[in-house]
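What follows is a pair of complexes built around subunit A, which joins subunit B in one and subunit C in the other.
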Partner chain A sequence: MMIWLRKNLFRSVGDSLVTVIAGSLSLYVLFRIVRFVAVTGRWQVVETNLALLVNGAWPTDEIGRLSATIVLLGFLGGVASAVAGLVTSDVDSEPPTLFQKALDLAIRLWPLALIVGLVLLLSTTTGPLLLTVGVVGAVTVGRLLGGLLPGRVRPVVIVVALFGALASIWFMSFGHSWDDWGGILVNFFLAAISISLCFPIGVILALGRRSEFPILRMLSTVFIELFRGVPLIALLLMAKNTLGFFVPQEFTPGAAVRAIVVFVLFTSAYVAEIVRGGLQSVPKGQIEAARANGLTPIPTTFRIVLPQALRNVIPALVGQFISLFKDTTLAGVALGFLDLLEGGQAITQQAEFRGQGLVIETLAFVGLLFWAGSYTMSRESQRLESKLGVGSR
Partner chain B sequence: MNELTNQQPVPSDARVFNDATQLATNVEPMIELRGVYKRYGSFEALKNIDVTVGKQEVVVVIGPSGSGKSTLIRCINRLEVHDEGTIVVDGIELSDDVKKILQVRRNTNMVFQSFNLYPHLTVLDNITLSPRLVRKQSRKVAEAKAMELLERVKIPDQALKYPGQLSGGQQQRVAIARSLAMEPNVILFDEPTSALDPEMISEVLEVMTDLARSGMTMIVVTHEMGFARQVADRVVFMDSGEIVEVGDPEHFFTTPDEPRAQAFLSQIL
Partner chain C sequence: MNSSEKTPFWRNVAVLRWAFQLAIVAVVGVIIAILVNNLLVNSSSQGIPLGFGFLSQPASFPITANDFRDTQPVWQAMYEGVLNTLRVVLVGFVLATVFGVLIGLGRLSGNWLIRTISTVYIEIVRNVPLLLIVIFAYLGLVLEVFPRIEDSWDLAGTIIVNGRGFSIPWITGPFVGLLAAVVLSIAAGLAVRRWRLRVAESKDESAYVVPWMAAAMVAVLFWVGFFAGLGFSSPSIDGRNVVGGMTMQPEYFALLFALVTYTASHIAEIVRGSVQSVAKGQVEASQAMALNGWQRMRYVIFPQALRVAIPPLGNQYLNLMKNSSLGFAVSYFELTKVVTTSVGTRSPAVPAFLVLMIIYLIMSLTISALVNIANRKMEVVGR
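Moving on, here comes the complex of A and B:
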């Protein structure tokens, strides 16, 4: 320990100086944060409005439908993750012990656990606790069942899980029109739906841009350059204000659909460029080997080139998805959702909290929730990357 | 394995060559090139190539860097498109007809200098992918066959590993097994040992020698003179896109006719 300290922090006078200055600064910041969280922070505003921040003004008698959907999503997620795990299982390493598994889970999921713990602590009803137990159970059962499925049904299972998830979200919107959803629920669902749609569209656009057919190439290029060139907020405002010019009043879609369409158009343009970079990173020899080995262009693309291309761009792709997750707050700004951010601002204007400068507390809470989601996505992507890295040269 | 060594190719002294680029009269042709040109802009990478390779024949192609060796064999499976002349492989003439190209690529296969194994697939999947997708074999049949082939190239214990976990020599043997899995009539080798450390070269050459003995038709671009002398039926020497000399290996390596071949050999031997 002492040796480590000396070697890494106090090797020379300059090093020691940097260590002392940086160390005291960090300690000071840490002290301020702890004091804010534990002593000076006025968390009553968050505590009172917890439900609003989490699920918006969801009608109480429809909470059952909401909970059921979330449990179902947990189950589908569990199945999908188990099936995806089969694809990437490492042949060389020995299976981890139960303790290692638990430790691994704790390291991976502590930010989520922290958020859930915080919400449970602040909430006064038993509903959230039951829901948490339900979701954890559903994920576990899903993973176990997914693990039992034979390998060859994998792609089917993943597609079914995806459509199942979209369908169950749709089912949820019967209970409470999704234009009125609020809280982090809105951010989560806008992001989840947009990501699942923009990924395949982006891949198709990337392939289109490299295709041999001039028309496909041109259409893809125009699409990509068009939507990459406009600020997202401008697109969202256009979706709000100018859609009426193009579509008759009776057919204009609701705010949620508009937001999703904009996110998908915008992000798929970026995904396309990321994937195109990945396609370019696959050596020409791979395509030649596939051709020489008798494969036709379509299997060459989907079995040989795309898997390698996508693996190479996981970090950039996930970065784009994280940005989309955070950009869902712009839908709140432009289209008037009371999402996590807008809701967080609004509650400081309630009669009992107005004029007390509570925006710091609510923004801290809002920021923490977004951070936990983004950090988990980034963490999981690194894990996926290293798992898939087994096959790298 | 014995089954491989039993089938000896026609001994080369039984052949009567009229013109060295042509075949002995008693051998059926597998690959025929007539007046083939390949151009990159105004640069001629192949000039008026005329050569015929017989069934079960092993032809070694040598020549200085940039002489067009790779271009020549890559035209045979249409990785490059030739500009003039005709190329007939196993009775099928290469043209823009996609079906014919696919047929030729089914009947031939290629082993590359840089292996070009699929890094995201296991050794077993590397070998079985084309048989399953192109020849519509069931996974079971394809895997059984793949294990047999891995046995034949002497690495059955590596089946579940990924290419990145193997040595160069092992990777190249997997590549050969992958080619064989499609049961081709011809295998084209483009400097298969040039990227290997010396101690791994012999293990690959051994497999290739076995293959030649089993009666596979092979065109091999290589600088391995020992292999050429022992295994080749004929040696083709290329320079600046032309075939300069064709002869049986003993004659070619001891007393080449052409000055350019003499100069090349004196440099590398």
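Moving on, here comes the complex of A and C:
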């Protein structure tokens, strides 16, 4: 203990001085934060508007549809993660015990558990608790079922899960028009829909940018650089103000469609660059070997190059999803969704809370929700990265 | 098959390749034609012109911080918007780099506390939406935490902070004089450096380049500055106003604060990664050659780390430039806010946003080009 202190905190006079100053400063900041959370913070505004922050103004008699969709998504996610886990798991290590598994889960998912616990603590009804139990159950069942599936059907399962997710979100929109969605739901669903739709476009653009056809290469490059060179919020404002001009007047698209169009086009340019990196990481010998074995260019691309390239870029794609999840807040300010951030500002303007300076409390809560989501995802992507051994082979 | 037989054109690879590409061009062309046709039909049915004549129409909205009146034309409003964007972006580049490098080195520090603080900072800031930081800086920090002007925070007459802005000491006098002083001082510094290096080589004694250079630069700076009529002004409170120094508008301060905080956390990770990428043998070799800590950093680690860091750093600068458009959310009149406001008053949407896109593309391509030049220079020096 003393040796550790000496080695890490008090190596020299200057070092000790730094330790003392930084230590007292951080203790003070920590004290202020604890006091703010426990004593001075007025959390009434969050407590009253919890439902608004989580699911927006979702009608109460349609809440069953919402819950069913979320449970179904949890189940599909469980199946998909089990299948993906099988793909990447190493066979040599012995299976962990139940205790090890639980500990591992607790270390990995504590931020999520923290915010779910916080929401349950603040909520006054039993609905959220039932939903949490349902989702956790569905994920577990999904993982167990996914583990039992034979290896042959895995790609099919992933595709079915993806389409199932999109279909269930579509089913959800029957109860409550997309344009009226709100809360963190809108952030999460906008990100999920956009990333699943932009993925095929991104792969095509990446292949186009690396193809041997000059015109195709030029078109892909122009598209990618166009969307990477302009800020996202400017594109969203552009969609708000000009998209109506480019479609026949009969179908004027709603705010959600405009947002999804922009997010898909914008993100597919970034996904294309990620996939291009993956394509470049596939050794040239692989292509030459495939050609030597008599494969023509198209099977070479789809059976040899792409599987290896995509496997290498999974962590970067997760990173892109995280930044998309954070960027969905821009849809709130540009297109007027009451998403988590915009809704958080709106509730401080309610009659009973106006003019009391509650911005810091609500923004802290909103920030915690975003942080927990993206921190968990980014740590999972790092784990995946080391599991896949990207860069180490 | 008889070899003298000509390959039919539908099996000729060269023909097929061009046919394929032409087909794609045709598809893209048709899509664009449909969109343009829709645009023409919709514009004429709504009576909205499509030309760029609106640029010389009066803007009909003021930008008070820039002394821009609503009778001035739209193109001047856009010019002011570009200036405001550049103002926040260029200052942001410098501050984000400084803080990012400090935090990145903090993450590599031998001191556990410094390392932990840096890590916590990075993990918090990187995982929160930038827009949330912008809005927090404006609605929370500037409007709630900063005091009213009567109770301003006053740091010994150098920095004055209140809800109306963030004031720092600043240089007064003609801009040409300032430019001359800076250029001459850099020239003097370089001249002194050459002289000291030559002396050190011919007489085989220590060069002391840094102290000599610093002394020469400071001396020239003050000497030229004095004759060019440059002065120094600190902010002070006069009744209900802050006079002297330079006061940053609340919107500008909030946007700059958020951009610097956010970008610094990303730059810190780049710094850490690039320093760690320097081969361990390099550090050991420099220790074996008895270089001290500063020399090791300056001559061994830094040049090699920089080469790794430049491409991702360039990406961060590009992101910072694009993220400056979040000034829209706090009504800081940068380019996006100006164009959107002008569309809201009178300007036709499609041409106005086309101009905005072109300006952003020019700025993006400029930054990319500069980064590429820096990248090439480093590689030539390195190998």
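Just so we're on the same page, the second predicted complex is superposed on the first by the 354 of 393 C-alpha atoms of A that agree within 3 Å, B and C clash if a C-alpha of one lies under 4 Å from a C-alpha of the other, contacts with A are read in each partner's own complex, and residues count from 1 in each chain.
Keep in mind that, in the parts below, a contact is a pair of C-beta atoms (placed from the backbone, for glycine too) under 8 Å apart; a residue touches a chain by one contact, two chains touch by 3 or more.
Please read these numbers as outputs of a predicted model, since none were measured by experiment.
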item: Which of subunit B and subunit C A:T242 touches, first, second, both or neither; value: second
item: Which superposed partner A:T296 touches (first subunit B, second subunit C, both, neither); value: first
item: First (subunit B), second (subunit C), both or neither touched by A:I233; value: second
item: Partner chain(s) touched by A:L219 [first = subunit B, second = subunit C, both, neither]; value: second
item: Partner chain in contact with A:D15 - subunit B first, subunit C second, else both or neither; value: second
item: Per-residue touch tally on subunit A - higher for subunit B or for subunit C; value: C
item: Partner chain(s) touched by A:K326 [first = subunit B, second = subunit C, both, neither]; value: second
item: First (subunit B), second (subunit C), both or neither touched by A:Q345; value: second
item: Contacts of A:G367 with subunit B and subunit C, given as first, second, both or neither; value: second
item: Parts of subunit A lying in touch with subunit C, wherever the complex brings them together; value: 8-9, 11, 15, 18-19, 22-23, 26, 213-216, 219, 225-226, 228-234, 237-238, 241-242, 244-249, 322, 326-327, 329-330, 333-334, 341, 345, 357, 359-360, 363, 366-367, 370-371, 374-375, 378
item: Residues of subunit A touching subunit B in the complex; value: 91-92, 283, 285-286, 288-296, 299, 303-304, 307-308, 311, 388, 390-393
item: Contact footprint of subunit A on subunit B as seen in their complex; value: 77, 79, 102, 105-106, 108-110, 112, 114, 116-122, 129-130, 133-135, 160-165, 178-179, 182, 188
item: Residues on subunit C engaged by subunit A in the complex (per definition of touch); value: 17, 20-21, 24-25, 28, 35, 38-39, 41-43, 45, 110-114, 117, 123-124, 126-132, 135-136, 139-140, 143-145, 322-326, 328-329, 336, 339-340, 343, 349-350, 353, 356-357, 360-361, 364-365
